[in-house]
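Here chain A shows up in two complexes: once beside chain B, once beside chain C.
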Partner chain A sequence: MTTNDLLGKIFQIVLGLAVFAAVIGLILFLIDRAPKRGRDWFQLALFLGPACVLLAVGLLYPAVRTAFTSFTNRAGEFIGIDNYVWMFTQPEALITLGNTVLWVVLVPTVATGIGLAYAVFIDKSRGERVYKSLVFMPVAISFVGAGIIWKFVYEYRPAERPQIGLLNQIVIWFGGEPVLWLQEPFVNTLLLVVVMIWVQTGFAVVVLSASIKGVPTEQLEAAELDGATNWQRFRNVTLPGIRGGLVVVVTTITIATLKVFDIVRVMTGGNFNTSVIANEMYTQAFRAAEPGRGAALALVLFLLVVPVVVYNIRVLRKQREIR
Partner chain B sequence: MRFTRHRRLMAPVVVAAALGLTLTACTGDIASDEASDVDCGPYESYGTFDDGTEVDVYGTILDAEAELLNESWADFESCTGIDVVYEGSDQYEEQLNVRIEGGNPPDLGITPQPGLIARLAEQGDLLPAPQAVADNVAEYWSEDWAAYGTVDGTLYGSPLMANIKGWVWYSPAMFEENGWAVPETLDDLEALTAEVRDSGAVDKPWCVGFASGVATGWPGTDWVEDFVLRQQGTEVYDQWVAHEIPFNDPAIAEAFDSVGGFIRDDANVNGGLGDMRSIATTDFGDAGLPIIDGACAMHHQASFYEGFWPEGTTVAEDGDVWAFMLPGTEAGANAVTGGGEIVAAFSDAEEVVAVQTYLSSPDWANSRVSLGGVISANTGLDPENAGSELLKASVELLQDPNTTFRFDGSDVMPAAVGSGTFWTGMVDWIGGKSTADTLDFIESSWPQ
Partner chain C sequence: MSSTTGSTGSADRTDRDVSKQLDAAARDRYNLDGSKAARVKRRLTSRTATVFALLIAVVWTLPTFGLLISSFRPADLINTTGWWTVFENWGWTLDNYSEVLLSASATAPQLGSYFVNSLAITIPVVVFATVLAAMAAYALAWIKFPFSDWVFVIIFALQIVPLQMALIPLLQIFTTTLKPTQEWLHEVIPIIPDETYVQVWIAHTIFGLPLAIFLLHNFISEIPRELMEAARVDGANHGQIFLRVVVPLSVPILASFAIFQFLWVWNDLLVALVFSGGTADVAPLTQRLAELAGSRGQSWQRLTAAAFVSLVVPLIVFFSLQRYFVRGLLAGSTKG
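Moving on to the complex of A and B:
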């Protein structure tokens, strides 16, 4: 790359921004000069238009195209539901589906559970902020980074060589033999789940801690005066009070877990029976050159995410109505 | 007030200046090559073109390799006036299709997969090689290589660079000390493995690593391919790769079991790295290093492994490490697997033909190989130009008229197998899955 190329690129960026500003300016200008009759409709169309166009191009069209692709083979010919039949009959694909279920069951519950307990225990304690930021730190680490860190934790070396993996070193301290952690089916999936929980717990703690602070002190005091024990107060006052926060945390983590790809990709590449839907989707579509199968997996993933999103929106809307 | 306004202006200016300086540092302003001291004699036959004549070349070669590629044809450019514009992409295959469909194909494509050449030729996207290229291929390339640029009897592309797989790395000093001899046949290799195992001089005879990030498993496919070619011969190999015999054919099972005899046995692997199962998680780049510690005796890997030895390791017949070619069933056998690129054209403009002809000539092969790191199977290549002892040995092997060359099978098979189930199949197989189950699994995934 020479300076000329660079200048050319900078010029392109500036030009792009200028065109963008011009288009926005034109739209605003037109809105301002809208005819009196039907002004509302005109303005509505112009304000919503760009967003709708972008949604159609960036979301709607790819979704429809993916749905269509899922019924074709690699040559692009229509083959009916063969890709779905493959997904639900191949033992390898079934393991993938099973693993995804395991992930979705374990990660949200454990991460939210630990996060809630932690948030309650550190609430109003001295140094709360420090404790909170300690747990929150993994959230700032990318999934790929977390995967690499934990891959080192699970790293294997033969018994006669110095261990570089923390887990195997601990095993040796207790007199055991080093284990190929990431190659033991089932255990390896659980070990990957641990990484996801490690990343997500901080998010749960921060949101739930804020919710707990939002529970009115009057209600807690009233319960105390009525002779409720700590547990009863938590169970009957705090928990209902933070329901909104809990739903947000659980649904957000569930969606993140359904989409999990990086951790599996980095740590095992989907080998040793650890693959999940998102990883298999990528592998099929881009490595095995089977876009139809990849699209079918993407569609199933989409169908799994939809109810979670719908539930999330409904609960939040209900809460708003209560307020 | 004045101060704040001042600051308000300063910050963006400083940021912009810093950004500008940083970006300038990324650019490499190189004075255009002085054309004066180039001897244009060899390039006269390609003709001269008007300044600004461009030929777009598209390929998979990236970064430092791409720079060397540009360097290799710099003299050609300054003598002929053609500007060869190379663009590399790690999504070559996909993007090439996009560009063809969009009516914007490159002038020349450098394709590392013969399968893709065949597909493009059948779709009618490729132009048959011009006469000058065909003449070069006939003169300077073996029939095996020419065949990979040929579809249905028509030559479409010329080979470019090459690499050889199947080297077995070892420490000459260790072999000498223990009185081990470089094997002449596969039976010798088996005997040697047993001898090394029983001698107790090293931890295990072999060290192997299949891990390679998302491509984990490919080193295993190289093992199998080498054994299929050596034990079953070229005919079975070609049938296997083209799926004229099923993947679970008994001939392939035999090759798997032979490989298993070497590396699917805890007594033979994994020198200094653990047991058999550690193969799947040992990085291919680290797998050969126990040879230096004296923990293992042999490591099977392609010629590029030369670059993986720690700094200061001499790679030579009398150095720290050296390699012998995986032997055949009989002494003096000479079938090797490897890879390379095919240059094919999407345009027949005069300047494109000139570039294509140049790339198929020994002139280019010598120019590029002299820059180091790679070799070519061009028989007009002077082995002395190769950058290292091993590359020199590889060139001599490739130029030997008795050598049979076959493309790495997994690069020729459809991606669903060649870079999909064949890889994962090898991982499962080394983890203990039976040969029959592994082969059935791969066979069932072959696209219909």
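Moving on to the complex of A and C:
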């Protein structure tokens, strides 16, 4: 990087911000000087317009377009549902789907389970904040960084040489042979799932811990006076009290898991039978020049996400009505 | 006795039976023993809990810790000995960092450029998305118009659209409209390179908007009505109310969202891969890291240091602004 490059980049940032500031300034100026007639509409358009135009051009239209693309081949000709047939018949594509199901089943349940237990155990304990920070930290770092961190844990060296990956070293301590973890089908998918669980558990801990603190102490004390054991109190008072938090955690992690791309990309590149829908979508659309197949995969992803979100909204609605 | 459990309940009953034969002082002592037993039992369960919590905390921290240690070890030690043997194989160096950041050789990672790119992508996007979303959220919450609820619901629903669905068409739009404009600009004003951040900025801003509008709307719509009306009575129009009342009051939530957006954009790989072109001119750290991790015969001395270069900014943001971060997280997840 030469000084010139750096100056060019700084110039770009400043210019970008300046143009943006000028546009926003102009909008606010126009809002100030809105004509008397149709004033509200004029102001509304200026406030809401920019965001709406961006969303329409960058999200709404592309989504619709992608839905259409999924019915075309690489030349752009209409081929009906061939891309979907490909997805549900080709062995490699089926492995991708199967892996995605495995991810979606394992990550939310395990991450939420561990997160809940952890949140309960550290509740009101000494050093609660430190405990929380330690587990929460992976949430802040990138999936790429997480991928590298764990790739190092899974690193393999032949048995006669000292190991540098922690997992193989542990295997050896227990008298086993080192394994090329990331190239061993099925085990490798599980090990990638572990990375995602590692990242998401912190989110579960923070949200659930806040929910647990929201459970009324009177109820807990009442249960205690009635002679409920710790477990009974947890089962019958705490758990119902944090239902909303649990739903949010499970659904959010589920959606994040469905879209996971970076971890697979960094750790195996989708090789050795580890691909998932989001990764395969990228590979097909941008590497294999098959935008139709990529679009079909994206659409399936969308269809998988919808019920989760709808359920989430319904539960929250119901809770609001109760309140 | 607030710590009574089932077992002390039965102890109380036995207590009643025996009490006749005991004088008051002895009874007190007995009671004391009973609650002590309960306390021991509680401590036991809380001991397994503590062990579990400690175990999780260690397992969750160890991988990162190992990478951090390794990034300061000389190349030959990283590749021949485990980081947990660091006491037997003593040796520390900063070479890894100076190599990945400063080395100008063509094969070096040259992370300096990418680091600048990451900042150059992230900072403007945070500003763009926050400002645009705040304005939209204000309009949705406080300017009355028909179907405003519907517009809000549609924007909320857009959150479900996976990025993946928007990538291909958006890229096509950029290549047909933005690219020629950029080339033209480059010819008119040569200091502006033809590979610019504009594509990535716009893409990230758009993808951040639905969540941003949703979060900010939740907050802005709950500003007391009286405040708004007082401002209106004083003759303020929407623009003035927005700038003088809404923005100052919304600073906490704006900060929360800005931190979110910052981490999200800084950590993103997918958008970067599709829209940045992949050169040192524009591509962010994550993309370079993914490349390094994917290349054959990966050299861990580079990868460990490179990973920490990319982690250090999010970690600083995280540890210094954790309160805002958590607040944003909870606001986004517990309000429907």
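Rule of thumb we're sticking to: the second predicted complex is superposed on the first by the 271 of 323 C-alpha atoms of A that agree within 3 Å, B and C clash if a C-alpha of one lies under 4 Å from a C-alpha of the other, contacts with A are read in each partner's own complex, and residues count from 1 in each chain.
Note that in this section contacts are C-beta pairs under 8 Å (C-beta built on N, C-alpha and C of every residue); 3 or more make two chains touch, one makes a residue touch a chain.
In this text the structure is predicted, and so the values were computed from the model without any measurement.
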Touching partner for A:265 - first (chain B), second (chain C), both, neither: both
Touched partner set for A:222, first chain B, second chain C, both or neither: neither
Touching partner for A:5 - first (chain B), second (chain C), both, neither: both
Partner chain in contact with A:166 - chain B first, chain C second, else both or neither: second
Touched partner set for A:101, first chain B, second chain C, both or neither: neither
Chain B versus chain C as contact partner of A:85, first or second or both or neither: neither
More chain A residues in contact - chain B or chain C: C
First (chain B), second (chain C), both or neither touched by A:47: second
First, second, both or neither for A:26, with chain B first and chain C second: neither
First, second, both or neither for A:152, with chain B first and chain C second: second
Chain B/chain C common contact set on chain A: 1, 5-6, 161, 265, 269
Touching residues on chain C, where the partner in the complex is chain A: 2-6, 9, 42, 45-46, 49-50, 52-53, 56-57, 60-64, 66-67, 70, 78-85, 110, 112-113, 116-117, 120, 123-124, 127-128, 131-133, 135-136, 138-140, 143-145, 151, 155, 158-170, 173, 191-193, 196-198, 201-203, 205-207, 209-210, 213, 237-240, 242-243, 263, 266-270, 273-274, 280-281, 286, 289-290, 293-294, 300, 303-304, 306-307, 310-311, 314-315, 317-319, 322, 325-326, 329-330, 333-334, 336
Residues of chain A touching chain B in the complex: 1-3, 5-6, 73-74, 92, 156-158, 161, 180, 182-183, 265, 269-272, 283, 287-290
Residues on chain A engaged by chain C in the complex (per definition of touch): 1, 5-6, 8-13, 15-17, 20, 24, 27-28, 31-32, 34, 40-41, 43-44, 47-48, 50-52, 54-55, 57-63, 65-67, 69, 114, 117-118, 120-122, 125, 131, 133-145, 147-153, 155, 161-166, 169, 198, 201-203, 206-207, 210-211, 221, 224-225, 227-230, 244-245, 248-249, 252, 255, 258-259, 261-262, 265-267, 269, 278, 281-282, 285-286, 291, 294-295, 297-299, 301-302, 305-306, 309, 312-313, 316-317, 319-320
Chain A-touching residues of chain B, taken from the complex the two chains share: 23-24, 26-30, 213-214, 216-217, 272-275, 277-278, 280-281, 414-416, 419-421, 424, 427-428, 431, 441, 445, 447
